[in-house]
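Accompanying notes for the structure given below.
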Amino acid sequence: MIPVEFYLVLSTLLFFIGVFGFVTRRNLVAMLISVELILNSVDLNFAVFNRLLFPGQLEGMFFTLFSIGVAAAETAVALAIIINVYRNYRSDQVNSIENMKF
Amino acid sequence: MNIDYSQFLNMIPEVTLMAALMIVFITDLFTAKKPGEARNRNWFNPLVCVLMLAHIFINIWPTEASTAFGGMYMTNGSVGVIKTILAFSVLIVFVQSREWLQREDTNFKEGEFYELVLATLLGMNMMVSANHFLLFFLGLEMASVPMACLVAFDKYRHNSAEAGAKFILTATFSSGVMLYGISFLYAATGTLYFDDVMANISATPLCILGMVFFFSGLGFKISLVPFHFWTADTYQGAPTTVTGYLSVTSKGAAAFALCAILMKVFAPIVEYWQIMLMVVIVLSITIGNLFAIHQKDLKRFMAFSSISQAGYIMLAVVGNSAMSVTALSYYVLIYVVANLAVFSIIAAVEENNGGVVNMNAYNGFYKTNPRLAFLLTLALFSLGGIPPFAGMFSKFFVFMAAANGAQVTTAIGATIYAVVFIALVNTVISLYYYLLIVKAMFISDNENPLPTFKSSYSTKMALAICTLGVVAFGVCSIVYNWIHAASVM
Amino acid sequence: MFDFQIVTTWFDNLLRQTLGLGDFWSILIECVMVGLIILTIYALIAMFMIFFERKVCAWFQCRLGPMRVGPWGVFQVLADVLKMLIKEIFGVDRSDKFLYALAPCLTIVASVGTFSFLPWNKGAQVLDFNVGVFMITAISSIGVLGVILSGWGSNNKYSVVSAMRGAVQMISYEMSLGLCMVIAVVLCGTMQLSGIVEAQTGPWKWLIIQGHIPAIVAFCIFLIAGNAEANRGPFDLAEAESELTAGYHTEYSGMGFGYFYLAEYLNLVVISGLAAAIFLGGWAPLNIGVDGFDAVMNYIPGFVWFIGKTLAVIWVLMWVRWTFPRLRIDHILILEWKYLMPLTLITLVVMTACVSLGLTF
Amino acid sequence: MTFLTLFVVIPVVMLLALWLARNDSQVRGVMVVGSTALLALAIYLVLAFVNARETMPAEQYPFLFGTAIPWFEPLNIYYRTGVDGISVVMLLLSSIIVFTGTFASWQQHPMQKEYFLWFTLLSVGVYGFFISVDLFTMFMFYEVALIPMYLLIGVWGTGPKEYSAMKLTLMLMGGSALLIIGILGIYFFNGQFSGQYTMSVVEIAQLHAIPAFIQKIFFPFIFIGFGILGALFPFHTWSPDGHASAPTAVSMLHAGVLMKLGGYGCFRVAMYLLPEAAQQLSWVFLILTTISVVYGALSACVQTDLKYINAYSSVSHCGMVLFALVMMTQTACTGAILQMLSHGLMTALFFAVIGMIYHRAGTRDVRKLGGLMKVMPFLAVGYVIAGLANLGLPGFSGFVAEMNIFVGAFEVNDTFHRACTIIACTSIVITAVYILRVVGKICYQKVADESFFKLTDATWDERVAVGGLILCVAGLGLAPLWAQNIINDAVAPMIHHIMGTGAVAGM
Amino acid sequence: MNFTLLITVVLTALTLVAGAFVVAKLIGPRSYNPVKGEPFECGIPTRGSSWMPMNVGYYLFAILFLMFDIETVLLYPWAVAVKQYVAAGVGPYALVSIGFFLLVLVFGLAYAWRKGALEWK
């Protein structure tokens, strides 16, 4: 059995890679993918905690399922909007869509 | 199998809302016109408003505290009150949105607007009623995903799509962060029920880390500093009506949910979140105010103003007592009427003058449109906390609620007073920039001010409701007493 | 009924006890064995299918088909394989090299992955997850990636168009495919493929009989959707050689093309096998409740039942392929979204109603 | 609910009537009727109060005509009214100023309707503040009175009006921010230590439960909060700018009534509710007020704008009010209240006359004016009378007040207080200097400009305003005793409360 | 064991690809000219890149699929449980509860249909 710490390290890495990507990438799709990484790390966390720490129940698994579903819905909307941004700006780079500034 | 559909009777607000949503959806589906088709649907907006009104009246007196679905869903008086307040704000938004929805490029998707708004409202209802992190998360997402569609509603205007992209990305990001926090709480306590989490939580690093992540995730939704980056762009780019909706309803629901969770779930580690909350509040109020001063675009301006208002809303929670919930709900209600009044006027001006949202254009506004200018002044005064308008009452009660938590003469009590003081100093700053608009309208000269225009009946009606609220909700103590009575029920 | 597990248990014991190998080595050897078996069967079936299709095609078109190489042309396929192997492999200079190379791998992984799920006999199944049906859907959707990446990676206009078409078609029909499996799961109460087949043993227990009307409808939908999933005519829009040259694999030569070719036929087998396993009882023999008849039927081994049913389904699909003309893209999408999807949903409700009210056999 | 509420109801009715009014004459009609009614009500109140006091001594009934209607009951916020001697004279003063202010702004253009709307809203705040004895309602009415100033100055003012209006509003609102902290502190700590949460001024004073160390924390907040409006030294800078930019009637109302809110609040809330802190911290504020008094007078000397002169004079005189209050003797405090009354009347007179002169001559610069006695004798006489009252000539109200203040101040028997008193006394001389200089320059020298000969004297409405104020100023100066009695009646128990509670005032 | 087998299967597939590819490389001829490296375009030189935006209709269907597929996935756990409902004697409840769910699904489909999202444009 792989100890829980290993999974934690993996999920933490995923999480921070996601955060880093979200902050540094300038491409909308890449940002979306970074966010998905974060969500995946969360899913991993829930599944692992459920399986290794609280094997008698299913709450974490259910949470994972729902979180996957919700993530897909979010992605669908985000993609639709990104396509729209592309149609308006002919670009999907954050830099080029900053019409609005401080 | 323990299945009993009578449990749905405990969630009448959701059921009626769902019914309204379905009626709107089906009606729209079979009467909607395609782009370019000349079909008149004047009756549609009134129908939706009447449905909403019915929904409010059915649920105006909150039901008694009860739970459903094995304790995942929970309702009590204060939850009922905030649901009514949210529904009320949606009603105003609907009334006010009519003028915008009559426009050529939005008219054919009028129905979608109502459906999406109702869907977000349903999500918010679930969110504030949640007693389990899963239901909470689902409600939150249900509130924020359709919201992104609303933000990007004017899809052929560049800023709207851009705002939508920014909103959905930050919303997803924030829910990711929040879920990460929840997963830590799950690891620490082995359950996701609020009550059980509370019973098992303790001041371990894991719990505190989970709380911080959770808090920052929800901080995004309420747009507290330092999680506010999306706010200005989104508010500016979104259609004005949606901005109004976003600024009051979504923020109010999230603030209430955060309040409930902090006070209920994280009660055992109150010292930690109090400090954190206070830092965030001070930052929000101050930074929101300082940035607002320089804005020339009214919607952007209101965005920063709303950031600082978020700080005030959360200030009530610092007190950590029953008074906090009441004060928060009351503040949200007042904020709803005042802010929606402002946005109604901005929207009316925008619609009638080809998209003008610049503050300079408002110079001399009083000379040409005295009534709108006057109402805008009232609303801004209310936002600034000037009596006899309702804003002052709500601010005062929030301060009272905060100071209520500082009764003992300890370091944290002194800190709370210091935070209240900073907030108070900031009301002066906020008054300054609200007065800048008043100045523009009443005092500044303008060669060619905005021409006199006649706003539509729906705008007038929305403004009438809002103004009535701004004037009466404070002075007539019955509103506050109603919220209080329901909250302690 | 013969249980193939006897063989596997014997082999396991052979390694562990007779030869006294440790956990690691025995599992390694078993895995290698499994891999070899899969490779062999995969290759053999592919070759058989190619030959079979040529013959069936010829039969439908009233001609003879390959006759020259070997008796009745049986060695024709071997020659073809050899030809393909010795062809030069070259790509496009300006292609996205990584995606270009990745695409066939994904296609083959999807095809081999789903292939490994087929229940050949009781206990003769490489993969048998408790979420089997679900897993099959998951793995088969990797195939879409193969199609779209090959098209996109080739940097060829025909390929890109074809990839988009293929992708939109495959994902659309995946809906119905998935829902049909849900219908089967409702009736069987398990997602494990072996469990599904097990539920169909006994008199009149084949799903298509047990679930009568909704199951028959679901079976038909499954065949249609599966045909489209496998990108075969009349749904072979992605290849559409008359308009798009060769579709998404235009730019693949030699074995590069060979992989897609292999995968296509194997997908056909997989779809038919699944249809046979899920709806027609898989290796379960035909029982009618009469003891003598049942005993005779049970005497026929499961392999035969399964292969027979699968071949029958394959034959039907080929019949369809060589009979109907190719559809247009909008027709394909309308067929799925406006007809098959609602029909599947209705079927699902009807099936649930039957199950919950006890109206099944 | 007693008739005190009418003080708020009448202006609110006026607001509604104004909102419905269609033209200027209707607006003026509403204002005349309303302000007359208020004046009559105030006079009736004085009479009723004097009558009632005979049967109800102040020691047992500090506030008369009280009501307490639950308002925000869960928070112990009541609508509580009640008057003692101080409030009574302040209400009378307010009514006089509102009445005369109405006539002084008879010709106010443009947007007369809006002008009177804000004007009336301001008076709602003023009246409400003086009749309430609940901390929350006091605070609320206080803020109601502040905000209309912004628009009144910003829209109808002169000179750098936007800047002045913003500065005034923000500084005063800053003061109210300090007040909220103080009010919260008083409410919660009183509740915590006495077990009875209440916002009532009377009850908090009676409970007297807040420990001294907490009082000392919140006292500065409240004293400075109200002190800003009372032109306390480092926080007075809004006052000259605001007054100079404001239109006539607004200056009248502001200097005449609004600044009194500050002094009243300092006495009623800060000192009355936090007596120990008042005693121990009074020396700080004594220094500040002394500076206020002298600095205001000296600044007035070097100004050339009539309004600025008067504004700095107001700083000086209002400083004197606070100065007398922190002396905390009965005579001085009575003097302080009298000074509020007197200053209110004469400053109003001053600003009214200055406004009228400015309206005609088009300038307020001392250097450009002259010989007005020949051109507009009525206004010039008014100006002279106001000036004389201002410098404390016997026979006018200023004398009575200042005499009380300084006599009372000398009663405090230690070097520090004596020194401060002596320094403050010099302001009398300085006041005489700047008043006489200006009066001489603008009234009696030869006419400065040929065009001045064409100017007319006061119209009838202006004569009503100026005449009424002169009458009051003279009346208070000649017969001060009736007012002094009323005031004394209220000051005595309060001073007793403040002084009877602990250590002697001192360093 | 199942997952070990899954990995085996995947490795087998990759081996198949790699093996055949290596064999082909070894025995196949090799030659090169620039025209050979061109993407095929009916015999004329290729103009422009092929990596360009496609008809938005494809994305529309992709997004529709994304949403419906996720909802179908949520059907699986329910489908497994139906028999348990029936065994517990509350079969009709299973029908009602999935009725709600499918209603939403159908509404979504109806919406897309009515709004013309299913038309190929």
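As written, the chain order gives the labels A, B, C, D and E, with residue 1 at the start of each chain.
Please note the rule applied: a contact is a pair of C-beta atoms (placed from the backbone, for glycine too) under 8 Å apart; a residue touches a chain by one contact, two chains touch by 3 or more.
Just so you know, these numbers come straight off a predicted model, no measurement behind them.
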Shortest contact path, subunit A to subunit C, counted in steps: 2
Contact-graph distance - origin subunit D, target subunit E: 2
Chain closest to the middle, measuring from C-alpha centroids that were averaged per chain: B
Remotest chain, subunit D as reference, centres from CA atoms: C
Chain whose average C-alpha position is farthest from subunit B's own: C
Busiest interface, counted in C-beta pairs: C-E
Subunit C and subunit D: spacing of chain centres that average the CA atoms, whole Å: 94
Gap in Å, rounded to a whole number, between the CA centres of subunit E and subunit C: 15
Length of the line joining the C-alpha centres of subunit B and subunit E, rounded to whole Å: 39
Centre-of-Cα separation between subunit D and subunit A, whole angstrom: 64
Touching two or more other chains - residues of subunit A: 73, 87
Pairwise chain contacts, counting only pairs that touch as defined: A-B, A-E, B-D, B-E, C-E
Interface residues, subunit B side, partner subunit A - complex: 133-134, 137-138, 141, 145, 148-149, 152, 155-156, 158-159, 161-165, 168-169, 171-173, 175-177, 179-180, 182-184, 186-187, 190-192, 232-233, 236-237, 291, 294, 300
Complex contact set, residues of subunit E against subunit B: 84-85, 88, 90, 93, 96-97, 107, 110-111, 114-116
Subunit B residues within the subunit D interface of the complex: 323, 326, 381, 386-388, 392-393, 396-397, 399-400, 403-404, 406-409, 417, 420-421, 424-425, 427-428, 431-432, 435, 438-439, 442-443, 477, 480-481, 484
List of subunit B residues in touch with subunit E within their complex: 1, 3, 5, 22, 25, 29-30, 32, 34
Touch list for subunit E against partner subunit A, complex: 53, 56, 59, 62-63, 66-67, 69-71, 73-74, 77
